[in-house]
Each structure stands twice: as C-alpha cells, then as structure tokens.
Amino acid sequence: MEIYSIRPILAVVIPFICALLIAVTGEKNRDLREFWTLAASVLGCMVVISMFPHIYSGGKYIFTVAQIVPGVELGFRVDAFGMFFAFLSSFLWIVTSVYSIGYMRALKEHAQTRYYFCFAACIASAVGIALAGNLLTLFVFYEILTMSAFPLVMHEETSAALDAGKKYLAYTLSGGALVLFGMAMTYTLTGTLTFASHGFLAGHGSEQLLKMLFVIFILGFGVKAAIIPLHSWLPSAMVAPTPVSALLHAVAVVNAGIFGIVRVVTNVYGIELVADLGLLLPLAIVASITIIFGSIFALAQDNLKRMLAYSTVSQLSYIILGAALLSPSSLSGGVAHIAHQGFMKITLFFCAGAILVQTGKKNLSEMHGIGHRMPLTMIGFTIGALGMIGAPPICGFISKWYLGLGALEAGHPIFTAVLMASTLLNTAYFIPPIYNAFFKEPEGDLIESREASWWLLGPILLCALISLIFGMVPMIPYTPLQLARTFLGV
Amino acid sequence: MTWASHLPIIVVLIPLLTAYITPMLGWMDKRICNPLVIVSTSFAFIASLLLARSVLTRGVISYHMGGFAPPFGIALVVDYFGAYMCIVISFLTLMAAIYSREYIAKELHESKTAPYYTLLMLMTGGMMGASVTGDLFNMFVFFEILSISSYALVAITGKKVAILASYKYLLLGAIGTSFTLVGIAYLYILTGTLNMADLSVRLASLYGVGRSSWTLLVALAFFMVGYSIKAALFPLHTWLPDAHSMAPSSISAVLSGILIKVGALALIRVLFNIFQPEFVVETIPVTSMISWMAAVAIIVGSLFAISQVDLKRMLAYSSVAHIGFIILGVGLATGYGTTGGILHIFNHAMAKGCLFLCAGAIIYKTGLRNIDDLAGLGNKMPFTMAAFTIAALSMIGIPPTAGFISKFYLGLGALETGTWSGWVFIGAILLGSLLTAIFYMRVINNIYFKEPLHREDVQRDETPLGMLIPILILAGGCVIFGIFPRIPLSLAEPAAKLLLGI
Amino acid sequence: MVNFGFLLGHYNYWAVVVLFLIGLYAMIVKKNLIKKFMGLNIMDTSIFLFYISMGDVEGGVSPIIAHGGGSDVIYVNPLPSVLILTAIVVAISTTALALSLIIKIYEEYGTLDSDRLVELM
Amino acid sequence: MIIISCLPVIALLSPLIGGIIAYQAGKISETARDLISIVAAIVSFIVIVAMVPTILNGNTIEYSFYYTAISTLPIAFRVGPFPLFLGLVISFAWILSAVYSHRYMERLHSRNRFCLFMSLTLSAVIGTLFAKNMFALFIFFEITLFTSYVLVIHEETPEAMAAGKKYLFLGLATGLVMFFGILLVYLQVGTLDLGKRGILDGVHGNILYVILFTLLVGALFKAGMFPLHVWLHSAHPIAPSPASAVLSGVVVKEGCYVMIRILYDIFGVNLLKTMLVSNWLVLLGGLSIFFGSAMAIRQHDLKTMLAYSTVSKVGYIFLGAALLTPTGLQGAMVQIFHHLLAKSALFFCAGALIYKAGIRDIDQMAGIGKKMPITMMVFTIAALSMIGVPPLVGFASKWYIVLGALEAGRPLAIGFGLVLMLSSLMNAIYFIPIIINAFFTGESEHGEHKEVRPDDVPLSMAVPMVILAIGIIVFGVLSATTSVVVIKPTVNAMMGL
C-alpha cells in the first residue's frame, strides 16, 4: 500500500533547513548552531521513526517534488531498505551531534560553523539518498553528498587535508560521472528511472549491453563503497575530524555507495535479472578480494584511524558479498550489516576520537596501557572490535552468521571460507591493541590522562550498547535484521 | 518637346557653362565662385535625378544634338548606367563643392580660387559628358576635358611634389589618350562610323571575319590599355597614388571617388556597348582577362596600402584596390557581378569621398598626414572621426554599410560564373576585404584607442560646419544606402541587365 | 611569300607605326622631362597622320560642292580631318599644361632629370 | 499563425537608442548614464517578455522592412520560440551586467564609451537572434563583432590591442568565409529564409560540404570552438569583467545560436543525416571539450581559465547540437542557458575579486573566501554547476546531452557520452582547487590581499551575482518544468517534430 505523504521530504528538508539556519546564525551565536544541530537531528529522526510502523507492515510512502527530467521527477519512495538507511543516518546523527559538541569544543576547532553546516547537509543528502524514489533523485543527493562532505575532509586545512580532499573529489566525482552515464543509458533503454520492487531493466537491451551497464554502475557506486582498487581515498580522508570519519566515512558516505549498489541490484536490475546475466559471481569475487586485502592492509597500519578505515573497506564488502550471493540469508545478513557495521564502526571511531582528545595520540604504538586510564572508552572499543571480528553476542556475529549461511545456501562454500579468513585477519589486527591497552602499563604522558567527558563517552557507550542489543536479541521487531528481512520479504 | 527631353544635354551643359562663367565672376569677386558652383552642381544633381526618373519611366533616351539623326549628328544616349553615373558624379561634386568653401580658403592661395572652381566644373562637365555620350569620339573629347582639368587640379596647390605628381599623371594620361585615339581610328577604318549604337551593329557582322577580326582585336587592345590607364587598373595604376595623395583633398575625393570610375565607365562602354557581350565574354575572353587583372589589383592594391604611412597615400592605394572590385564585377559579366560592380561605383564614391574629405579635415585642423600621428583625434574631432570610421567600415564591407551590399553582389556574381576561376575571384574579394580591414582598422585604432602623442592637442576642436556637413552626408549615405540598398539598385540592376543584354 | 606590294602600298601606315614607336621609345627611355614630352608629341603626330591618311582617297578632291562636280567626283572623307582638328587642339592644350608644369618643376627642383627628381622628391 | 508586430524592432532599438542617450547623458552625470542604460536593457527585456504569450500560443511574430530588401532578402525579423527563449535570457543577463557595471567601471576610463558599446552589442545580438533570414542575421552578426571588439580593447593596453586585433581580424576572416557560404546557399536555392527547416533540401553533391564548412567556420569562430578558439583566451580575459561576462556569456552564445540555426534551419536534420557528418561534428565538439578543459587546467590567471572553460562548454553545446537528436539539441539549449548564467556569474566574481582585492591570479586567492564570502559562494555555486553537480542547472544540460548521445546510438556518440562525463572531472580539477584555496587555506605570507577588509563587494555588484546564483539553483531544480514549457516546444519546432 502506498501512502502519499510529506514525511519523506520532511526528513530530507529538516537537516537542510538546519544547515541554512546554522549558516545564517552560526557566526553570531556559537551555541545556537549546536542547538540547531541537536534539534534538527532529533526532529529528523522522529520523522523517520514515524514512518516505521507503516513501512514495517510492508507499505510505502511516496512523495513527488518536481520534474527534473520529463518522466523522472525529484521523487521519494520509502521502502524498508531506504527506511533502514535513513534511520541509520538520522539516528547516528543525533549521537554524533552530541559527540561532535564534545569533540569540537575540546579541541577548539576552527570554522565550526562550516563544519556543522556541511554536516547537516551531508545528513540531509544521505537521508535523501535513502528515501529516493528513483535513480535520478538518488544521484542528485549522491552528488550533493559528495560536495558537502568534501569541505569536511579538508576541515583541517593542512596540506595533507587539502591533498586528501582533492583525492576524495577526484575519486568520487569520477564515480559520479560513471553513475550518471549508466543512469543515462538506463533512461534511454527504458524511459524510466523509478525503482521497482523487482527491477525494471528486464527485457530491455541486449545481454551484452546490460552487462556493460552493470559494470559501469558497480564501478560508479563502488568508488564510494571503497571496493579495492577504488578505495584509496578512504584512508586518506581520515585526516578529517573524528566525528566526520565516524559518521560519514564509516557510515553515511560509504554506505551511500553500498546502498546504490544494492538498489541497482535489487530495484533496477532485479535479482532475477542479475542472476540470469551471471554477474553475481564476479561481484562476489571482487567483494572477497576486498574483504581479504582490506584486512591485510589494516594489519600494516599503526595509525588507529587508518586501520579503522581499512577495516571499513573490508567490512563494507561483506555487504556487497551478501548482495552478490543472493540467497535470502546472505542478503538479509548483508543488509543488516549496513547497520551493524555502522554502529560498531562508529563506536570504534568515537573511541579513537576520545583518545585523541584526551591524549593527543593517534598511533596504536603509543596507546599502551590506555585501558587503565580510560577504561570505559576502551570497553566500548573492545565491544566494537569484537563485533568486527564477529564474536557473539555482538551484532557483527549475526551478520556474519547469516552471510556464512547464505554462502552455503547459494552453493558457494568458498565464500564461507573467505569469511573465516577475514575473521582471522580481523582478530589479528584488533586483538593486539586491546591486549596492549589493558595488559600493559601506561607510559609517558599517558599516565596523566583521564577518561573523556560525558559528551564523548555517552555516544560511545550508547553505540556499544546498541551493538550488543542487536547482537543479543536480533529477533525483536525493528532491529536491522528484521528490517532487512521485511525489505526482502523473507 | 518639353524642356525635360533636353535633360541629357542640360546635365552636361550646366557644369560646362558654369566653368565659363566662373572665371568672369571670380574676376569680379572671388567670394561668388563657391555659391555659384554649389548652385550649379545642385541644379546638375537635380537634373540628373530627373534624368534618371525619365530613364526609369521611358527607357533609354537618345538625344540628337541639333536634331541631326546619327550617324551624321552627334548623339547623346542616356541609358540606366549613364543616368546612374550622372547622379553619382553630380552628387559627389556637390559635396566637394560645399566642402571646398572652407577648405580651399586655407589650402589654396586666394588667387587660385577662381581657377580651382573653373577646373572643377570643367572636370565635372567632362565626366557628365563622358557618361551620357553616345559617340566614341565625343567620349574621347570629354575624356580629354576631364583629364586635362584634373592634371591641373592635381598641381593646383603648387607644392613641389604635387607638380611632379601632376606631370607623371599627365604623361601616363596622355599615353592613355593616344591609345584610345588609335583604337578609335581602327574602329573607324573598319566601320566608318563612330556612333556607338551603329558601331555595335556593324562590328557584329565582322566577328571572326578574316583580317577584320584581327583589326578588331587590335582596336580592343588599344582601348583596353588606354582606358585602363584612365581607370588606374593594375598594373597601370602607378600614377594614381601620387596624384590622388598630392591633390587638395576635395579634389582627391572627386578623383578617387568618381574620376577613375569614369575610366571604368569607358571600359564598360567599350566592352558591352561597342562590342557585344557575347564577343568579349565568349569569343575572346577579354572579360575574364580583366577580371584576373582586377583580382590582382584588389590584392596588390591592398597590400600596398597596408605598407603606407601617409594617410592620403593609403587611401589612394585603397582606391587601386577598389577599382579592382568594380572592374572585377564588370569582368564577371554576370547579372549579379556586373550589378555589384556598378553598385560599388556608387558605394565606393561615397565612402572614399568621405574618407578623403575627412583626411582633408584632419590636415585642415592639425596638419597631420601620418597615420601614426592621428592618436587622440577621436576626442578632438568626434564627428569627423565617426564619419571616417563609418566610411572605413563601408570600405571593408561591414554590414549594414553600403560596402557590404556591393560585396554581397560581387560575391554572388563571382559564384554565379560557376567556374573554378569564380572561386578564385571570390577568394580575392574576401581576402581583399580582409586586407582592407587591416589598414583601415589600424587608422581607427590609432584614432580612438591610442594615447595621444601630445596631450594638449586633445581639446575638442571640430571641423568647421561647412566642411563637416558634406562629410556627414556622405557618411550617412554609407549607412542609409546600406540599409536601403534598393535605391541605388533600382538603377544599377537594370543598368547591368541592359549592358549584358539579359 | 611576303606580299611586298601590299606592304609597300601601305607605306604611309609604316611611317605612322615608326613614328609611334619612336615617340613611345622616347617617353619611356629618355630621362629629360622635356624629351619625354617631345616623345609624346611625336606619338600624337603619328596618330594625326594616321587619321589623315586613312581619310584620304587616292585621286580624291576636297569635299566641297563648289567644284560643281558630278557623281563621278571622288571626295576625300572629311570626317577624320575634322576629328583630328579636335585632337590637335587637345594635344596642344596638353602640351601647354605640360610645359607650364615643366617650368614649375624646374623652378622648384632646378633639374629636369627624372632620376634626380626621384631623389629630390 | 504569423502576427505582424514591431515588438522585435523595439527590443532591438531600445538598447541602441538608450545607449546613445546614455552616452550623451554620461557627459553630464555618470549615475544618469548607468540608469538610462539599465532602463534601456529593462525595456528590451520587457518587450521580449511581452512577446512570450503570443509565441507560447504557437504563433510567430514577424516584422519586415521591405524597403531594405535587396533582391529577395529584406532585413526582416521573425521571432519563434528559440530566439525568444535566448532573447529573454540574454536581455535579462544584460540588465544584471548593466547593474554590475555601475560600480565596477568607476575605476576605469572611457566609461561612456563602454556603456555605449555594451548597449550596441546587446542591440546587435538581439538583431541576430530575431533575424528572419541569413542575410539579416549576418548583418547583425558582423555588427556584433565590431561592437564587441571595442569592449575587448577597452583597456587600450598593448596586450588588449593585440588581443583585439586577433579577435577582429580572425573574426573578419571567418566572417568572410561564412559570407562565402551564405552566397553559395543563396545561389543554390535562391532564398536564405530561416523559417523552414532545411532550405538546402534537394541540393546534392560536394557543394553541401563546402557550404557546411564555410558557414560553420563563421559561427564557430564567434562561439570560440576549437580550433577557432585562438582569440578567445586572450580577448575575453582582457576586457573589463562586465564585458568579459557579456562576451563569454552572451556573444559566444550568439555564435552557438547561429551554429544551431545553420545545422537545423539551413541544412535540416534529414539532410545532415544523409550527409553523414554528424560523427565528425561530434568529434570536433569532443576535441573542443577536451582541449578547453586541458588548457584551463594549466592557467594561473582566473579570467583566462574561465575563458578556456568557455571553449570547453561551447564544445558541449556543439556536441549536443551535432548529435541531431531532440534530446541532444535540448541538451545544447539547456547548456546555452546554463553557461550563460554560470559563466556570467563566474566572470562577475572574477571582476569582484579584481575590484575588491585587485587579484586575478589563482594562486593569490588563498583565504579570500573568508573575506569575500558572498562572492566566493556565488563562485562556488556557479563552478559546481559548471562541473555538472546536481541539482544545479549544469547537470540538466549534461544529462540531456548524454541522453542525446545514447539516443543517437552510434558507438562514437556513446564514446562521447563517456567523454562528457570525464570532462566534468577535468572541470572539477580546475575549479575545485580555487574553491579549496579560497575557503580552506589561510592567507599566504605574501599577503596579496592583506588590505582587503572583510566586507564584500558593493550591493550593486553583489545583487547581480546572487541573482545568477539563485537562477542556477532554481532552474536546476525546475529544469524539467522549464524544458517542458520552453525548451521542448523549441526543440520540436527545430527538429520538425
């Protein structure tokens, strides 16, 4: 059942209005911009939540703004999957906003107006991507996201930050160009871009063309999804302030790429068509390679945030793998992992940020014994890391379970092996820091350091808790897994 | 017979009679010369207009002097082309006469005032006569009237260089005269008549007949050389730059504006009125020969003009190029082409007349002749310089000035030939107009967009009104006849058709 | 074979041609302005002769009816002579103008040598 | 239905007369001069707006001076959807430019002359747009060359004169080549009327290629297409910024307009398809895109960079038009519109930087965004539109052109669709560092703009820029609406659908 409602656009517009308010009032009253951020994030999240029941019961919300191209309007169409991503973004925005306030104040960062402005714009576009009803709307917000995330990457204004920003733009814009091209081809083939439950490309164009188109889409969205070898912007972008890395580069931006891929696979091509074209196995192989190599790269990092970035690269491909394996279990595991990975990774990044704020340390080798001085932070870190490894009862286990199951269901046990290998590698790079943090004595200036303020600690613990909850009781309603299953109809 | 039927002779007689009265009245009071000349040229102009009207309504007018029918009597034949030329001649002379009032007072010694106007009127009479005559020998006589008076006018300032220029002009002009005289002799031997209409009929029977046809060719060759000198067609143009740049500017305007066009007129008469178009176009390719020469004239004339530093000399070389445009149009011998050539006579007369008058005004006010010295004049003499610019644009052929229309017709004519040489000709036309742009834009840039050499020079100091009015009229004409080209075309088009017999 | 009879029979034209060429030669080659002009006059004269001799008819008499001749009297064609009178007038006026110019040139430059004049210009 | 009305003539005469009056008024009062020229532009705009209902009802407006006819070629005007659409935009941009000039020009010399020739150029451009036949069109086309020449050499420095010389003489030369083409057309078919599509239908043989080549040379020169762009990168930057905006925003569009008229009215789609030239034209457009972008990347002078960017954008327009599909043409038209807004805005910004901070070098712009936030925000929006970021209007044009390329269905066209995509990357490469520099880096040690106080340009300069920026956003979002209302009928008319 489709309901024509203003709610989708509201969810997108609220952060945008917030961004404008920040821009207008930000320089005059510093507290006001934080207030706007918090208010808008809560409000936005409530709007999203208000759509939950109807979506959960299998309905949809639609809303059309204006025609951009004849036949294709700037339109929204909320289904469970979009809902899922929108909720993830807007909810984590609240958390991150709180964290940001603590982080930015503690570090006395410059240009905070710009920071909050861009942050709000990013969230708006992420929600826009999530709720987009057609490929064009998705793309519009996709590009706005690219552009509004870009000042955040360069926030530090150091030369490293400037270089990272340029690299980020070069990658994402090329990706965007490919997506645009693919979209144009789709439009020429079918005359529409509106997502359909079972895809709309079937029966259009030759097999060859469709295969090519698919590759174009995967390459285009794959840039943001940080598929190896298109990933190298992501570690560079870690020079951004930690809340940015946490929310955008671990969740919103990268998941936008993933989201795009899933949308293409499920709602543009349709699962049957993708399967018929025989495109899934190559995709799965690419995802596997990314999983393995991302982890291997992560092993080599000393900088905590870079390590987390490579971990993100690796984890994101779980989702792609899930989509590629195309069994009900793997798909629900993959989709759920969008949220699981989001919560866990944001916890880890928050921890890294808290450590940075309190001690100024960025490298793992300098963090020995930190667990003695910042126990709560490091407990949060441990929960996130264990989740990443896939240890029960944390939510990472749930997704990995379903993925592994799906691989077997699909008749490709080899990918279960890939998951195993990845788990081993994850253990290899997550366990030593935890060990060092708790079982070594603090040295040097670490001796003086204390636990972070509650502005920072709160979000860490909240996210860690949610990760735990998702992992322990995955069968209650509204958990990512259940939402994913609703979306997939299993 | 009403007075209107005597118009052909009236247009010739008005200037000629004025030429006789002027010295007498001038002897009494020099100040009376100018008004007299203005009044008489005005009458001549009005008479020309009336003549054109009656030609347009009644067709070609044959006027028999004293009522004797040709071949015994002397005939004046006014066709569209002749009437057209009369208008151009009397119009530009009128402008020059108005201009002369102030200009001559400064440029010439007082004692030369009366001779100046006398010679001017003689020259005009000669040109008018050459335009309306229907008799080959009469043509010769009128040509001598205009030539000799123009020799004298070139030298009238008495400056060293002017005299020499005049002498050079005289020598070459005299050679031209001699050649045409020989040509006339040949035709007379062949046919026993000098009336153009008769000649045309009788010559037609001689084409390709043994020895006679050779004689014909020789006669044609003599005519071509003779009148090409008068028209300053390359490579027989060598007298022109000196003569035109050294004459007083009012005279330069007339010389460049119309006198050489009368040479072109004579060429046209010989080619199309005496010989048949099919003879000169098809039997022997005279027209294509002169077209090639004209094309070279366009390019070479423009190239020479580019290298000049003296403004008037540059204008003179530009005339060499533009007579090339006119002759090219004639030589194309197609409807559009010849129309374009004839139209360009008018358009070039206005533009070049205006340019020379402006050059005269510059000399009058500042004494400058060198192009590089003209910086800052745009502020000093805004109206004069605006007129100069408009006329220069017309020379380049920029729409909506008149020059564009002639370029359009010439271009169409060149393509209409449908031969590869037509493509070469249009190349020459286009390249020529580009080269023209190069040297005119240099002047315009100097005038407007360059730091003046002497700051104190740049006070508003406009040309006197008496000189400014003709300049502005001519410049205005360049624009008006560019926007309303129907007016000259209403004569030029039938003229070309009649000449070509199509 | 060359028809000598024809050639010799038109001796007057040969004279005209020779004179014409002499005049042209003088105009082109001579440096002195007066000599140049004399060349022009020679050329003119040759043309006058050309006209007169073409109008002449062997055994013709001047075309005046007063002779009382009948239809058998052959008249010389008067028109070329009439024309040439005009041409002579023209030539004279040209000459006069040219000479006055030459005088002025000599006054101004002190020479009539065309090469020197070019230098002085 | 054809409606005889003198409105087109009024639209053309208003700036002409207004310019002359303003010139005279300028001798007495500068403010009066600027007011008069603004009013003249507004009158022109209103007159064009007044034609909108008539045109939207499917009528055409005509006006002819039959006395000006030579043979069958009167100086006549006919307003259809396409000219009207462009006329509206151009005259509106002109109002902004006139407003902007008021303060900008106050430090330059010969202001009266500048004002006069700006108005004359507008008049000539409107004449070109509304011309009924190729003959009248050519007349106004050439006049534009001369009037805009005066704008180019306004500074009167040796460099300006050299740039102007290049512009003028190459313009003349190519104009003559075009003139040659016009003559050929006239001789072939005896008419130059632009009203019916494909007047050359029925002509065969190689002459068609000659005509196409010669006509396009003239149009593409004015448009600044590669390889006829050689004047553009020297002429546009050297003019005062309002003039640069007009040159790049409007005069170049005139060339594009003429190019489209040549392709669609003189030749017609069917004829061009049988001539099999589309691929070559597309190739040319692609080259222009690449070359322009590549050269822009190398520049340090902001205005030169913008000029090269124009070369590349004109390539888009040409490519879109040369695809010969409705969508491609639509893309070209949207691109014309987009580039007009965005490039004018960019040049206004460049002018604001010169006016306020005296800088034109990209490297000197570090940190300027903090001092001139409005200017640099407008710059950013316009630059993003240039890159083709949705939902700005630049995206819409790119979208249509890509669709057109796919619609054309040739392998080459698909290839160039990709090229278009990649070229937006190149755009990003030269625009983004500027934005980064302006907003994200501190002022350099040399302190090129230390003196600049952190207040932005005067209001009369800021308002036009902001209006353009808003236009870029609004028309980007509403691009489908505008295209349905305005562009689609135009395209259909041009394509004969």
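So that you can tell them apart, the chains are marked A, B, C and D in the order they are listed, and the count of residues begins at 1 in each.
Everything that follows uses one rule, which is that contacts are C-beta pairs under 8 Å (C-beta built on N, C-alpha and C of every residue); 3 or more make two chains touch, one makes a residue touch a chain.
All values derive from a computational prediction rather than experimental measurement.
**Q** Going by the contact rule set out at the top, which chains touch both subunit B and subunit C?
**A** Under the touch definition, subunit B and subunit C have no mutual neighbours whatsoever.
**Q** For subunit B, which other chain has the most distant CA centre?
**A** A
**Q** Using CA atoms only, can you tell me which chain is the most central one in this structure?
**A** Most central by this criterion: D.
**Q** More contacting C-beta pairs: A-D or B-D?
**A** Taking the two pairs in turn, the one with more contacts turns out to be A-D.
**Q** Just curious, how far off is subunit D from subunit A if you go by their C-alpha centres, in Å?
**A** Result: the chain centres lie 43 Å from each other.
**Q** Please report how many Å separate the Cα centroid of subunit A from that of subunit B, as a whole number.
**A** The mean C-alpha positions of subunit A and subunit B differ by 85 Å.
**Q** Counting only Cα atoms for the centres, state how far subunit A is from subunit C in Å.
**A** Centre-to-centre distance between subunit A and subunit C: 110 Å.
**Q** When you check subunit A against every other chain, which residues touch at least two of them?
**A** none
**Q** Name the residues of subunit C that each touch 2 or more other chains.
**A** Residue numbers touching two or more other chains: none in subunit C.
**Q** Edges wherever two chains touch, nodes for the chains themselves; is that graph a line, a ring, a star, complete, or other here?
**A** Chain contacts: open path, no cycle.
**Q** Every pair of chains that touch: which are they?
**A** Here the touching chain pairs work out to A-D, B-C, B-D.
**Q** Using the touch rule from the top, collect the residues of subunit B that touch subunit C in their complex.
**A** Interface residues on subunit B, with respect to subunit C: 137, 140-141, 144, 148, 151-152, 155, 158, 160-161, 163-164, 166-167, 170-171, 174-175, 177-178, 181-182, 185, 188-189, 194.
**Q** Tell me, which parts of subunit B touch subunit D in their complex?
**A** Spelled out, the residues of subunit B in touch with subunit D are 393, 396, 398-400, 404-405, 407-409, 411-412, 415-416, 426, 430-431, 433-434, 437-438, 441, 445, 449-451, 483-486, 489.
**Q** What residues of subunit C sit close enough to touch subunit B in their complex?
**A** Residues 20, 24, 27, 33, 36-37, 40, 43-44, 47, 50-51, 54, 79-80, 83, 86-87, 90, 93-94, 97-98, 101-102, 104-105, 108-109, 117, 121.
**Q** What residues on subunit D touch subunit A, complex-wise?
**A** For this pair, the touching residues of subunit D are 384, 387-391, 395-396, 398-400, 402-403, 405-407, 417-418, 421-422, 424-425, 428-429, 432-433, 436, 439-442, 477-481, 483-484, 488.
**Q** Subunit B touches which residues of subunit D in the complex?
**A** These residues of subunit D touch subunit B: 65, 67-70, 75, 135, 138-140, 142-143, 146, 153, 156, 161, 164-165, 168-169, 172-173, 176-177, 179-180, 183-184, 186-187.
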